[in-house]
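Just below sit the structures, each encoded as structure tokens.
In the two complexes below, subunit A is the common chain; its partner is subunit B in one and subunit C in the other.
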Partner chain A sequence: MAMLEISNLGVSFRTPRGTLHAVKDVSFSLEPGRCLGIVGESGSGKSQTMLGMLGLLPQNGTVTGSALFEGEELIGAPRRRLDELRGARMSLVFQDSITGLTPHMRIGDQLAEVLQVHKGFSRKQALAESLAMLEVLRLSEPERRLRQYPHELSGGMRQRVMIAMALLCKPSLLIADEPTTALDVTVQATILSTLGKLKDHAGTAIILITHDLSVVAGVCDEVAVMYGGRIVEHAPVDELFAAPAHPYTKGLFMCTPRIDMPTGGMLPAIPGVPPPLNAMPPGCAFSPRCPEADARCEQVRPEARRIGNRLAACLKVPA
Partner chain B sequence: MSAPLLSIEGLDVRFQIGRSLFGKGESLQAVRDVSLTVEPGECVGIVGESGCGKSTLARAALDFVTPAAGRILWRGRDLATLDAAGRHAFRRAVQPVFQNPLGSLNPRMTVGDIIAEPLETLRPDIPAAERRPRAIAWLEKMGLTADMADRYPAEFSGGQAQRIAIARAMISEPEMLICDEAVSALDVSVKAQIVNLLQALQRETGIAIIFISHDLAIVRQIATRVMVMYLGRMMEDSATAPLFARQYHPYTQALLSAVPIPDPAAERARVPTLLRAEVPSPLRPPSGCVFHTRCPAAKPNCILEVPAPTHPADGRTVACHYAGVQIRGMQVAG
Partner chain C sequence: MGGYILKRLLIGVPTLFIIITASFFLMRSAPGGPFDAEVDLDPAVKANLEATYGLDLPVSGQYVRFLGALSHFDFGPSTTYPDRSVGELISDGLPVTLRLGLTAKALAAALGMTAGIVAARNRNGPIDAAVMGAASLGIALPNFVVAPALTLVFGVYLHLLPVAGWGDGSARYWILPVIALALPQIAAIARIMRGAMLEILSADYVRTARAKGMPENRVLWRHVMRAAFLPVMTYLGPAAAAVVTGSVIVEQLFGLPGIGRFFVQGAMNRDYSLVMGIVILYATVLILLNLLVDIAYGWLDPRARVK
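For the complex of A and B:
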């Protein structure tokens, strides 16, 4: 049985203008030591899927469906149980590291607290363990960092502190939401190589949420592409990159420039913008921007179909 | 030979940090001894990590900050010595486009007014009645529609807002755009649209662009020439194609090797040169070559002497004592 089994997950928000469906009918599963990349643009629902699963939606949010984590149902679980699991068995790293750390606590105290709360470590033990983790993440002068406050660290250092915090309890699942987006490429390279090692050596399962296909290429084993709140294509990483099936995935590849290839002329761009949540087309959400769409695509919403190792939700993809 | 459009010579920019009643504070040298020329129609990319001084260089080129040393020449004339008329002409000729379009557009003005506004001060020669038609023409040229002129910025997506910001920058018919991370906040599919738009503008109007970005793949796409900066200094300056084919400066090699490639096979083969993680504080930059603390190829003289720019190949400038050394496979401990 898979470590994480998500079935028909939906997330919606009650707003003064009516109910908005941010995530619709998302299903996937994840085995230990595997890394799933979730790729999509802003508003595609990639972050809301995770927040819904973890019980971290704001007051007006509702989550439906099922999320089995190590055999335990997360949807509808009591808040106290979720609090126990988050940080210990599954942890989270967000893009914005400055808001993830408490400004008036020293880095060492924040890191140690995690182990003291979840594992019952003594403060001394917890600090020693925190120091070791900062060393693993190649932070310079780790002893000094433990005594510093978040504002004294650069963005890259703070993000590595966040990752250290997420890894302290040796979780079986790490969810990283755009962990390197705000960072310089040199720091990104260090963090991505850390994630790779973590997966290979510690057997941690990783869900990496990103808008950047090149970040996914190196670390992930499989990739789910989201558009308009749904998974439009899900495939092993090599197959997806070798031959994207869904027109949206194809478009994303075409408009991502490669540093290792000379360019000639214009980038092929996808015309238009993603549809707003309150004005989703009745058929395929991508149909207004799709070069292959016809009248049927505008009316009929494509169900995800299995084609070999991959799933694609498009009427035009041959079986 | 006529003077280049913009010429920056030995530019130093300093900021006073922490100055108070009780002390002078410290001097932060954001840009140090940087020279750059931009010819008409060129697109010069400026790349480097955060804190390398690329935005400060842009702000100096816009005459937003006063240089501590060095000169900035617009068509051969020093900005510091321009009279009021000359300064007015410069303001018209050089326009900025910033990263966050919604933050740079006045939320209480309609889009039509926002685009037309620069004409009031920069182009008094254009009659007031012609401002709105021109604004609408630019709106349409940017791929938006005329009916959008009466809406407010909040009603637009990031990509649309950036199109509006570019229309506003273009309406006074400038000769140079300075784009500071202008596409960085946009979604992938929208980013490509805006890059294409800028390239099309360049082809049509021959406008020069300084394109500042941390996204090296995008810079490779749009720039004709690239300058690499680190801790306020120029490391390498070259035409785009030769730079991506071979990097003479160890820092450029490390920077490029860190960029992931959207191809799993290429990614598995890629060996990034992992630098010592931390960029030193710009308040206390290292002696000699500023990169020596992270450089796998550093030798004792790198600690002592600031490398003078050399020209190891055609049209390329490199500030390294060992220009051309290849650091592939070398790793710095720690």
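For the complex of A and C:
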């Protein structure tokens, strides 16, 4: 049995302009010790899928479908049960560490409360454990950091505090939303190797949301590419990097700089912008920007098809 | 911290001096004087009275004399209440005013914040609508409408509470004035608290706390509440200074022997020293409370702390 089994997950928001569907029909499963990368442009529904699954959508958000975590249904689970799981067996690292920590609480207290609430640790025990975690993540002067407030730390330090917070209870599932975006390369390497160790030694399953394909190549076992709220391609990482199938995935690779590229040229970009949520084309959401699209693509929405080890939702991909 | 407080207190001295000087000359420039009553006094008698109170001197001379007396905390005699010094009047009225004002403030803070929290947690629901509707009414209704209405219902119709007066100073006498004073403040605080809560509940760090699996009560008390107090404090701080002068209207309507009434009568009768005494008291308390609010800001929000 998979550790995480997502089927037909949908996320929608009630707005004054009507209901907007941010995520549609997302399905995937994840085994322990595996890392799934989710890539896609801003607004493609990457983060909303995760927030919906964890019950963390804002008040006007609704989630449908099913998310089985270790055999237990998360969608519609009572808040009390979600509280027991969140932060303990499944953790989330948010992308924005600047506003993500409570400004009036000391770092130590924000870390320690995770262990106090989930494991019933005393404050002293919990602080000692938090200190150890900050040391693992190579934060300088960890004792001092525990007594400081978020505004006294740099962005990179705060990001590592967020990661430490998520790892304290040794979760079996870690979801990291752009965890290394704000960090310089050396710190990024530390974080990524920490994630790699977790996966290999502790059997933690990881979902890594990112738009950095080099991070995906470094850590992930498989990749799901999202566009317009749907997964358009899902494949093992080596196969995807060797030969992207979906035209959108090809586009993403084209606009990633490579070391073997001729210098001085302009980096190509996918023409156009993603369609707004309230004006999705009837057919393939990528068809207006797709170099390979024809009249049928604009009218018929492609279902995801299995081709070897991968899934692709495109009429043009040969079976 | 000690250095900061000392510095702020020292800055308060020139502030107070400017307030004293400005109000002194403003009072003197108002037409009329303490002995220009409806009944014309015999010029000789009036001159005699003015000499007694030092009002025959030129204004600058009066000012110097006033400052001299003030330097040993002598506010001078009252012209409205003969044979009583301003110091005595203030120390008579202050306990009444303080009891009213502090009780009303405490009530307003407790009820207002509770109502705001309840409304925010039930946002856009019927409870929220009811609380916010009541709050709008509370802000719209002035004291001089609420106070007589309360008197009418609880004093005249139901005979539950005295209509006015201070009596022996027991709770029965100050229940209605306290309610009249507190109602608009409850309403204002409820609205401020609700707005602050709603803003903070959608903050990223609240989502982080929920993602950590913190139960909602812990999220509210540890992650939301302290930040939500800030705007309430901004409102309560300077408003608390009004506790000292009391509510002029409420004290007048309920016939209570507080400072507010002295202030009105002092101003009407051009009782210079009485008005000055109350102005100085008010200004001092306001300066101290502003300092207190700034210190409390630092306690609530570490980013505002002085190094």
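Here is the rule we go by: the second predicted complex is superposed on the first by the 314 of 319 C-alpha atoms of A that agree within 3 Å, B and C clash if a C-alpha of one lies under 4 Å from a C-alpha of the other, contacts with A are read in each partner's own complex, and residues count from 1 in each chain.
Everything below uses one rule, namely that a contact is a pair of C-beta atoms (placed from the backbone, for glycine too) under 8 Å apart; a residue touches a chain by one contact, two chains touch by 3 or more.
Please read all numbers here as calculations on a predicted model, not as lab measurements.
Enquirer: Record, for the superposition on subunit A, whether partners subunit B and subunit C clash or fit.
Expert: Verdict on subunit A: subunit B and subunit C fit.
Enquirer: Applying the document's definition of touch, where does A:193 land relative to subunit B and subunit C: first, second, both, or neither?
Expert: Only subunit B is touched by A:193; subunit C is not.
Enquirer: Is A:84 contacted by the first partner subunit B, the second partner subunit C, both or neither?
Expert: The second partner, subunit C, only.
Enquirer: Determine, under the contact definition given at the top, whether A:165 touches first (subunit B), second (subunit C), both, or neither.
Expert: After superposing on A, A:165 lies in contact with subunit C but is clear of subunit B.
Enquirer: Among the partners subunit B and subunit C, which is in contact with a greater number of residues of subunit A?
Expert: B
Enquirer: Just subunit B (first), just subunit C (second), both, or neither: which does A:273 touch?
Expert: first
Enquirer: Once the structures are superposed on A, label A:118 by its partner contacts, choosing first (subunit B), second (subunit C), both or neither.
Expert: After superposition on chain A, A:118 lies in contact with subunit C alone.
Enquirer: At the CA centre of subunit A, how far apart in angle are the CA centres of subunit B and subunit C, to the nearest 10 degrees?
Expert: 80
Enquirer: Report the closest approach of subunit B and subunit C over their C-alpha atoms in the superposed model, as a whole number of Å.
Expert: Minimum over all C-alpha pairs: 10 Å.
Enquirer: Which stretch or stretches of subunit B touch subunit A in the complex?
Expert: Touching subunit A: residues 49-50, 157-160, 187-193, 195-196, 199-200, 214, 216-218, 220-221, 241, 244, 254-268, 270, 272, 274-279, 334 of subunit B.
Enquirer: Which residues of subunit C touch subunit A in the complex?
Expert: 123, 202-216, 218, 222-223, 226-227, 300-303
Enquirer: Under the touch definition given earlier, write down the residues of subunit A that touch subunit B in their complex.
Expert: On the subunit A side, the touching residues are 41-42, 138-140, 154-157, 160, 184-190, 192-193, 211-218, 237-238, 241, 251-253, 255-260, 262-263, 266-271, 273-274.
Enquirer: Once bound in the complex, which stretches of subunit A touch subunit C?
Expert: These residues of subunit A touch subunit C: 54, 56, 58-59, 79-80, 82-88, 91-92, 94, 96, 99-105, 113-114, 117-118, 149, 151, 162, 165.
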